[in-house]
Structures are given as C-alpha cells and as structure tokens.
Amino acid sequence: MIVEMRTGASKEEVDDVVRKARSFDLGVQLNIGTDKTVVAILGSNTGQIPTDLFAVLPGVESVTRIMKPYKLASREFQRRDTVVDCAGVKIGGERIVVMAGPCAVESESQLMQAAEGVKKAGAAILRGGAFKPRTSPFSFQGLQKKGLELLAATKERFAMPVVTEVVNPQDIKLVSTYADMLQIGSRNMQNFALLTGAGKSGRPVVLKRGFSCTITEWLTAADYLLAEGENKVILCERGIRTFEDSIRFSLDISAVPVIKKNSHLPVIVDPSHAAGHYSLVPAIAKAAVAAGADGLLIEVHPNPKEALVDGLQSLSLSDFSRLMDELRMIAKAVGRYI
Amino acid sequence: MIVEMRTGASKEEVDDVVRKARSFDLGVQLNIGTDKTVVAILGSNTGQIPTDLFAVLPGVESVTRIMKPYKLASREFQRRDTVVDCAGVKIGGERIVVMAGPCAVESESQLMQAAEGVKKAGAAILRGGAFKPRTSPFSFQGLQKKGLELLAATKERFAMPVVTEVVNPQDIKLVSTYADMLQIGSRNMQNFALLTGAGKSGRPVVLKRGFSCTITEWLTAADYLLAEGENKVILCERGIRTFEDSIRFSLDISAVPVIKKNSHLPVIVDPSHAAGHYSLVPAIAKAAVAAGADGLLIEVHPNPKEALVDGLQSLSLSDFSRLMDELRMIAKAVGRYI
Amino acid sequence: MIVEMRTGASKEEVDDVVRKARSFDLGVQLNIGTDKTVVAILGSNTGQIPTDLFAVLPGVESVTRIMKPYKLASREFQRRDTVVDCAGVKIGGERIVVMAGPCAVESESQLMQAAEGVKKAGAAILRGGAFKPRTSPFSFQGLQKKGLELLAATKERFAMPVVTEVVNPQDIKLVSTYADMLQIGSRNMQNFALLTGAGKSGRPVVLKRGFSCTITEWLTAADYLLAEGENKVILCERGIRTFEDSIRFSLDISAVPVIKKNSHLPVIVDPSHAAGHYSLVPAIAKAAVAAGADGLLIEVHPNPKEALVDGLQSLSLSDFSRLMDELRMIAKAVGRYI
Amino acid sequence: MIVEMRTGASKEEVDDVVRKARSFDLGVQLNIGTDKTVVAILGSNTGQIPTDLFAVLPGVESVTRIMKPYKLASREFQRRDTVVDCAGVKIGGERIVVMAGPCAVESESQLMQAAEGVKKAGAAILRGGAFKPRTSPFSFQGLQKKGLELLAATKERFAMPVVTEVVNPQDIKLVSTYADMLQIGSRNMQNFALLTGAGKSGRPVVLKRGFSCTITEWLTAADYLLAEGENKVILCERGIRTFEDSIRFSLDISAVPVIKKNSHLPVIVDPSHAAGHYSLVPAIAKAAVAAGADGLLIEVHPNPKEALVDGLQSLSLSDFSRLMDELRMIAKAVGRYI
C-alpha cells in the first residue's frame, strides 16, 4: 500500500501514518521526495486491509493499493489452471464446453426437444432456468420446483449434466438436489448471503459477472465461494452495461485474457444475454472461443417465436447446430476442440 | 408498444404481428408508411408485456415500449405525493428528513456518542449498520445481532427512530423486531427474494438505487415492494458507476427531478457513499436539498480516524453540525425546513 | 511514480528500472518487501513523464502515477482562486455569473428578444451559437458569419458581453473579432489544434468538459490553453455519458467540489445540455449553485416551440425569470449573489 | 417518428402536432388508444428531422425516432458491401487486411526496421503517426512534416501503402500528399471541420470510433465523410470507455456484427489502443477476426522498451510475426485469408 502525503505535510502527520501501520504489524519504508513524502506499507495481507484506515489520517493525499483485494481466486495464490469437474465434464481443460438450452424451462416437451437438439449438435451440458429473477414482479417467474423436476428427468433421459440458476439462499439445498451445477446470476454477483450458501453446497458454481462490476470485484466475489473450501468456481462473462444502445450489454471480450492473466479459474462466455438478439450471437460466440474462453453458455429454444422469456436472444435448434460447426473450426484454429 | 417492420416486410409478416397482439387482447392500429409499416399496439397493460414477444417475429425491425414497465410506483398510478411515516417522522412532506449515524455499529459508546451528536445537530432518524455487505469475505461483516440490540437501546435512550440494512431474506423478521425502517442496499436492489420479503414485513423500506441501474429499473424494483400491499417505500440515490475516477460514484443529481416527475414516492440522497471522501460530502448534500430531495442519509462517526468501515467518507460530529446549519439555509431557500 | 515489480522479479530487472529513472535525472528509492519490490521514482516533473517508459520493462507489474498529469491548472501550481474578467464581468468571485441566451442565433428579432429578456431577468452575459457543431451533416449548421454580426449588434445595444462557440481553428480570429469570450464545446475538449489556437487568441475561454472525459483529462486539456500564457480559462461541466437513459447526459455535480479542490480555475455548470428537457433545468441549476458553482450557462429562447435547435431544453423568458428569482435565494443561502 | 401524447392530452394539443408535421410535408396517422394518443409521423427523411420539433409541443410525453439519423452509411442506402481500395489493397473483401507499424514515427531506422518486419510477417499496409494528438501539451507531439517524409520514403522502399493520422483541417492537404490513406482519431470523431476536409481530400479515410460514442453517432459521423461524394470510408473500433479499470478501453466486439448489419462500410479493429498492454493484444486481435472484422490496425515497434509513445501496447516484431501465424488459422476458419 502506498500512502502519498500532501505537499507540506508535517513530520507528526507522517509519524501518525507510520505508527498506524506498525499497529497492524506491517512493514514501513519512507520515501522523502523533494515535493512529497511517500510511505510504502509492506506485508503479504495488505490487500485485505481497507485503504481508508490511512486515507482518513491528516496530511494524507491518497492511498494506492498494490496488492489486489482478492486472494484465493488469484493466479498468485495458485499458479496452475483450475479444472472443474461437473458430473464428469471437465471445464478449463483442452475441451471447450458448450452449455446450451432454453432461458426458462416452460414444459416437458419444450425441454426435451431442446435437450435432444443441443446434445445432438454437440453441447456438453444442458442449461435451463427454473427460478427466474425478473425485473418486474408482474413477469413470469419460472416453474420453480416443477422446473427442477423436469430438468432432472431430462438429464436422466439424455445423460447430460444440468446447470440451473439459484436466486434465494433458502433454495440452495433444493436446487442442489436436482442440478449438477449452480448458476449465480449477474444481479446476484454481490449477494454475499447467496455466495456463502452456494459455496457450502459442494456443487460447482458458475458465477456470472455483475453487469456493472469490475473484474477485480468479480474475483473478490469468487473469494466468497472459494472461502468455503471447494475449488469449483467457473467465471462467466455476460456483458457489461455501457452507453451503447444497439445491443443489450457490451460483451467485454478483454475479460477473457485479463482473467487468464490474473486468475487460475476457468472462464466462459454467455453471448446470448449480451447480444439480446439472436442475429448477433454467432459473431460473439466465435470471438469468445478465439479469445481463449473455456466454454460458452448459449440460449437455445426449439421454437423461439413462442418462448415465454428472452425469445429474441434464443437460437433455434438449426441455427445452433450451424453455429456449433463454425465453432469447431475456430476451436481447432486455437488448438482446442468442442 | 410500437412495432416497426423492416423495409419490404411482407403482408404475412405484418399479419403475424397483428394476430399475436390480438391473442393478448390488445388493440392494434396499422400505419403503412412509404418506407416502413409501423404497428401500434394499444392497451393499458402493454408496459408489463415483454417486447420480445413481437421482436422475435420475422420481418420485425424493432419494438419500442411506450408504456413504462413499472406500474405501482408511477405518478400515473398515484397522482399525489406519498408521505411515509417512520415511527412518527414523516418523509416526503415539507420537512427535509436527515438520517445520520455511523456506517457500522462498532460499540455501545461509539453508537451512543454518534446518536447524541446527530440528534443535537438536528437529525431526525439514526442510521447504523449491523449487517454489513462487504466485497471481500475477509473484511469485517458487522456486529449482526449484537449490533441490532445496540441500535434498539440507543433508539430508546434518544427517542430517535432507527434505520438499518438487511441483506438476507432470512434476517428480515429479526431486523424488523429491532428497527423502525429497513434499508436495502445498492447491491441488493435487484435481489428480488429480499425485496419480496421486505415488502411483506410491514416496515417502511429505504430502497437504494443499484449503482448501475437505470431509474426505470429502480422504480420497477420498487414495484416488488409495493406489490406486497404497503405504500411505504423511500427511494435513495447514492451515486452511479461511471468512468470518472476522482470520486467513488458519480451522484446522479438529475435523479431527484426525474423521480419527482415519474413517481409519487419520496426520494432521498446519500452523499457519503457517492463521495467516498468527507471533504466532498457537504457540496453534494447541499445540491441534493436544492434539487428537491426529501431527505439525506449521511455517515457520521464520533471519531472517523478510528472507524472500522468507511472512515474516509464519515463526517465528524462538528463537521456534521456545521453542515446542518448550512443545509437549513438551503432548505429555507427552497421553501422547506429541516 | 511508483513502480511495482512482479513477485520474483530479478535483481537485474530492478536495476533496469533504476537505471532508466536515473537517465531522466529522477530520484529513486527502493522498497524491498517480503513479497514485492517497489521502486519509488521522485522528482517534480514525474507527472509529465509517460508511465509506459517503466511499465514496458521486464519484471514490472504496474506503474502508478503520484503526481497528476496536469500542471498549470492545478491548485498546487496556484493556490489562490483565479478570477477571469470577461469585458468587465468577473467570473470566479463572489458573484454567480449567469450566461443565458439561445442555443443558436436564428434571426435578429429572436436574438434581440432573448437578450432583452435575459438581461432584464439578471443574466450578466449573452450566449448564442453562430457556428453549430451538429452530429448529422444534414442538420442546420448555424448562421455562421451572419450570426456573429447579429451577436455584435445585440451586444452593443444591450451592453452585455457575448460568449459564442468556435469549432474550427481557422475561425478563431474571426470569432474573436466579434465575441468577448470563446466557448470550446464538449466534442472539441481534446481537439488540441483548436485549444492551442484559442489559447493564443487572448480571449477568455469557456472549456466544456468532454462528455466522456475524466476531470483529470479536462484539467490537462486546460493546460493546453494555459500554456499559451494567459490565465483566462473557465471550466464548464455539462453532463457526462452514462447508462442512464431518462435524461440526455448525467450532470456530474461532484465535479464542482472536485474542481474546487484540485484547481484554481472557476467552474460553471450548463444544466440545459445535461437535462435535454426544460422541466429538469431548474432543479439542476439550483443544485449547481448550492454545490458552489461560479456561474451557469442556460439556454433561453423567446419561443422554444419554434426553435431550430434544441428547443426542448430551452427555457422560455418567463420560466427563466422565475428560475432567476429562485437562484437568488440559493445564492444568498451560500453567501453569494447573482 | 412516433409522438406519444401525455395521458389526458387535449384534442388541440394533438392537432398542433399534426399541423407541425404537415408543415414539413410529412404524413401523419393517429392512434387513439384507451390511455394515450400516439401520432405516427411518416416520410423517408424523418431520420434527419430533430425530434425536439415535436417534443417541445404542449401535451407531448415523448418522441421516438424510427428512421436512423444516418443515411449514406446505412445498409438501407446501399445493400452491397463497400470495398475500399487503398493504393491497390482492397479493404472489405475476402482478404483480412492487417495494418501495422509504430504508434509514432521516431526515426528513419525505427520506421525502416518496423516496415521491413511487418511486411515480412504479412502486413498489407504500414501505419505510423507523424502528428500525435497528446492529452498533455508537455508530451512529445510527433515529428510532423519530417515524419511524413520518412513515411513516404519507407513506403517507396517497401512498396507498402501508408496510413497516418491527421489532426488539423489545415494539414489535410499536406498529409494527403504523402499518405495513401488518412486516419481520423477517436478524439476527433466528431470534429466536423476535420471530417468535411478529409471527405474532400479524395483519399480513403479510416474513421476511428469516439471512445464514448454510440455506433449510431459513429455512422452519422461517417455521413460527413460520405457527403463529400466518395465512398471510401473504413470504420475502426478501438475500444470504448467503461468503468472497467484493468485495461485502457473495453473493446466493443459486438460493434463488428452490429456494423455489418446496419452499414455497408468495412470495419476493422485496433486491439492495441483498447488493450493498452501488449500481452492482451493477441486475444483481442483473434476475437476480432473470428467476429468478422475486415482488418486490424496493430502497433508494432522494433524495440518497444525504447518507444517514445505507447511502448507498453506495442508488439515486438517477433511477437507480431507469431500473432500473424495464429491469425491466419482463424481467418481460414472463418473462410477468409490474410
């Protein structure tokens, strides 16, 4: 941590900073410049100490963190890449794992058709929402328990692991009974009660990035999951909010190499929620694979025109199948396979 | 809802749109332009119908919502201003209600000192956090139940209503036992399980704006609270995330007049979280009162230098007292009082 | 400048950083921590040295600037507040200076009516655009030279100084002949050829903030003007681009206290371009005065319904007159006058 | 254009809207809903008519544009893809055109080495800056005329077309004498004097996206170039400003498919300015090709450690050569070549 003193700060003010640092058992080195005094505060856990402790002292101009605030998710904590096992499917290895299915589970026939189609096209994991977090209380909220049962039945029939979203800490146990992997949505990335509960479930967890959170905050949220003792977290980039209005969210493609640099966790991309429109999904999905993503989470519906939720961003089964062929070519070009 | 067809869309495609609209019992009017056909879909509940239902149909270029997605929070639903009663203190009337106190409850003496000081300076409601949502799992998470007990004791001693944050649906009952008003934080604005629970509690609720949510989404989230039957919601603007890096969040001062135009709910401003630095709090607080805010939520600590959380953005008791004098002048200039 | 080395950086890599710093005649101090080595680079002109010079060296993790990149505009360069004189009107002193008038000069009668009305209501300076930077080449581009002549005539008749925008370096001489003060628009904040030309003109300059520029970039752009030798720059906050879509731009009210802290230059606020709608202008204007702004730039049109440009954000003369009365009350509450 | 009237708007207010529309020779259709009256205003040039003309009328709630504000750049104006010829190199066809070279021309040997290296690796066009727009007046501003001469000499020696930036309308003639293609930088995207001048030059123009401009504004700015009569514009996505702080700008990968959908112009990607760090350039470059970009603009320096400008984001010649091999694989996977 670097504490920059104001021009003209007194010796007493500098001493105060030094004293406070020592009271936390931190090392201190002073740099007395011509214009400014700079105090370097050293120690391996300074990333977890609030900068405010020093910033609030008289004579301090600014405090800059050198150590990152996250720890367990960092590449420095674990050098080698984490590979997460979801009911036998490995995420984070050479294979690019495609998770596909409808936004919301609507009925048995819809889910079965979707599962059959995406499996045939090469998807490794089935996705489908039973609990839907909706911005308006008057919108369809998902089939809930009934949806979970349909997911479990489909999973059995097509021998595909299932991932589904959980939105309330009270439902974690129930959802874990039916699903192989939990998903935490963008709006819940900093719902710390939910993170702690999901971390305790023992299930692998897909943690979507908050649509307005920095990568640093995202990795710090992953620490909540990892702190419960299991190294089974998959990060999912799904677009961030910007001023651009031609799409729903701007997919932050740089998040893929930045995560690979700073963290050992696998990272996948959800092109559907970012695009908001099926016609933009293929280009973003291909870009994600080329940039090094470990997987994709794609919305596919047997009949998008009749979808209850997010029909516009869903691919039809034939569009999905065509996209998978294109993705296989890109995967090969970057030395991987689907 | 306005459905714009693509240039050259066929008659069948237009008919499909019309048919779908009629299947929802909606009125339809066609505008056949020289370049484009435009279908106007009419009805009082089109605000709650997803635009995707039409956007997904072949030949459709775009769908624009005319009715807003929120309903109960809208000025059109209720013309007159809502005044919320918090244990006798009226929020949304002529008086500008100042809620002040420490970010986190740390100890009995800290809370008592804070309460005594802010009451003397003119604050109407005491704030203090017992459950602290922290971005890192390794940070201080609040005194929890012990903090609630301290709040209740302080409230009794100084006869001030108390507002405190709730972060987990399971804690709502407990928190409601001790506090007069619940606060839902920025990161939980779209935690719909928490909103529904808080709405059922019967307590007035301060709903902070998600730091990256639009005003429309904020009012739609308020619908979750209002849908439980009580008209006791106070909106709190606390800064939005932008590219600007000299402050923590950019306070969206325009939110005050926009809310007043579009909603009947009272709106207050939290200058402390936006500023992130005590020296910027007074200017923002004064601006909020001048812009028409119904109240302020300000962090005050008897000894900011020793605060466990957010010390840098807390005012000392003497700074707070001086600010209250300045705010009284501005309140008078806009025809109100504190 | 603080250079943080990577964990495990070699002694040679650290030496390279030190050598490069010394080659620029900069002081160096080493902090050898348990995990990381940190090199502090000292000297009064490190704010103007690119961080890349060090960031590009092997073994370097990150480089953090301690000195700000701007110099002449900084509070450290000049402690006392600058007061700019615009043809006798002092900007940056006790008086809050209101500049008002139409967005675009349209005709003699329009301009004369506007000038008469705003002067009567208490405006100190007349604004009006002759060269209009428009996003589409097919929109009205202003009356240009004819507009400047009308401004000069109006100025003479009503004895009010005039401010107008300049958009092309080639026009600076012409515009300076007619106007008392030049305005550089948001889209030209980093048009460095225009800044240099305007700095050489000898006229005071209103520098609007780029709608997506940080305050640091804004003050650095001001350095371009100040580098030409005259201390006659007025900063104008006019709203920044965010995700919020209920208004045109989000006025960054915190810019006012941040500028006051970091710079000696006067700062004014343009509520009209931020709001985009006349009904939101008064609340923002009042907030600006309460926050400490030195002036306002407000669009006023004798007949907004017939305006060729930006009619929706223009106040009528009677609305402006009413607002001025309200602003006088706020100005008094903060110890100033209009 | 869709004009939505306020609930309860009077017949006179509706008539006013209709009258105004007819005065511009526009067609009108009325939709009298149960809650709201909606007026559809029809005509092929409504995209160029300001919405304010109607929004300002009494009783109007909002005005929504259906036609886009740009015209010449739109896919509707020209169905087939534009292919731009830059001294024999075709941009927008099957070949993906890589433009590479140093950020700033620094010396003859630097430029010659760079040109030789990038040509050998497969780049089609040489880039290099002679006029550098710098945020601080105290930074290196480029070699200017001397830089142009070096570019011309290098171009001759290696038989590669040259692209370079122009920053001042007065320099367009000079720059056009030396360079095959002009570049307009992000900060000048809405410098309309510069756009008009560049449009008149007869040279092809690379128009970088303003780092905080929407795609719609970008295409509208392209209309300024196209309005001068030549269809020689190449759009360049180079990252947008967001709240994310781990990279310099967030590359908007979705801009590629959105441009392809809405415009006939070729689109290229600059991964270097977005990333700000050489280690992130390859992933973004590969993503761009996979997403369908027609070319890349990449910074390459023979010795990044000694670069005067932007060394951190420059690839070395060997890194560039390796990247080109990877890009060839991706290009092939999407049915193109480099």
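We call the chains A, B, C and D, going by the order they appear; numbering starts again at 1 in every chain.
Keep this in mind: a residue touches a chain if its C-beta (ideal position, glycine included) is under 8 Å from a C-beta of that chain, and two chains touch if they have at least 3 such contacts.
From a predicted model like this one, the values you see are computed outputs, not experimental measurements.
Q: With centres defined as the mean of C-alpha atoms, identify the chain lying farthest from chain D.
A: Using the mean of the C-alpha atoms as each chain's centre, the farthest one from chain D is B.
Q: Report which of A-D and B-D is connected by more C-beta pairs in contact.
A: Spelling it out, more C-beta pairs touch across A-D than across the other pair.
Q: Per the centroid of Cα atoms for each chain, what is the distance between chain A and chain B, given in Å?
A: 26
Q: Need the CA-centroid distance for the pair chain A / chain D, whole Å please.
A: 31
Q: Could you tell me the distance, in whole angstrom, between the mean C-alpha positions of chain B and chain D?
A: The answer is 38 Å.
Q: Considering chain C alone, which of its residues make contact with at least two other chains?
A: Residues 212, 241-243, 245 of chain C each touch two or more of the other chains.
Q: Chain A touches which residues of chain B in the complex?
A: 48, 50, 52-53, 55-57, 69-71, 133-139, 167-170, 187-188, 190-193, 196, 210-212, 217, 220-221, 223-224, 227, 241, 277, 304-305, 307, 309-313
Q: Considering only the defined contacts, which chain C positions touch chain A in the complex?
A: 2, 4, 7, 27, 29, 31, 33-36, 38, 40, 42-44, 62, 64, 66-67, 76, 212, 241-243, 245
Q: Quick one: in the complex, what on chain B touches chain C?
A: 212, 214-216, 240, 242-247, 250-258, 260-262, 274-275, 279-280, 282-284, 286-292, 326, 329-330, 332-334
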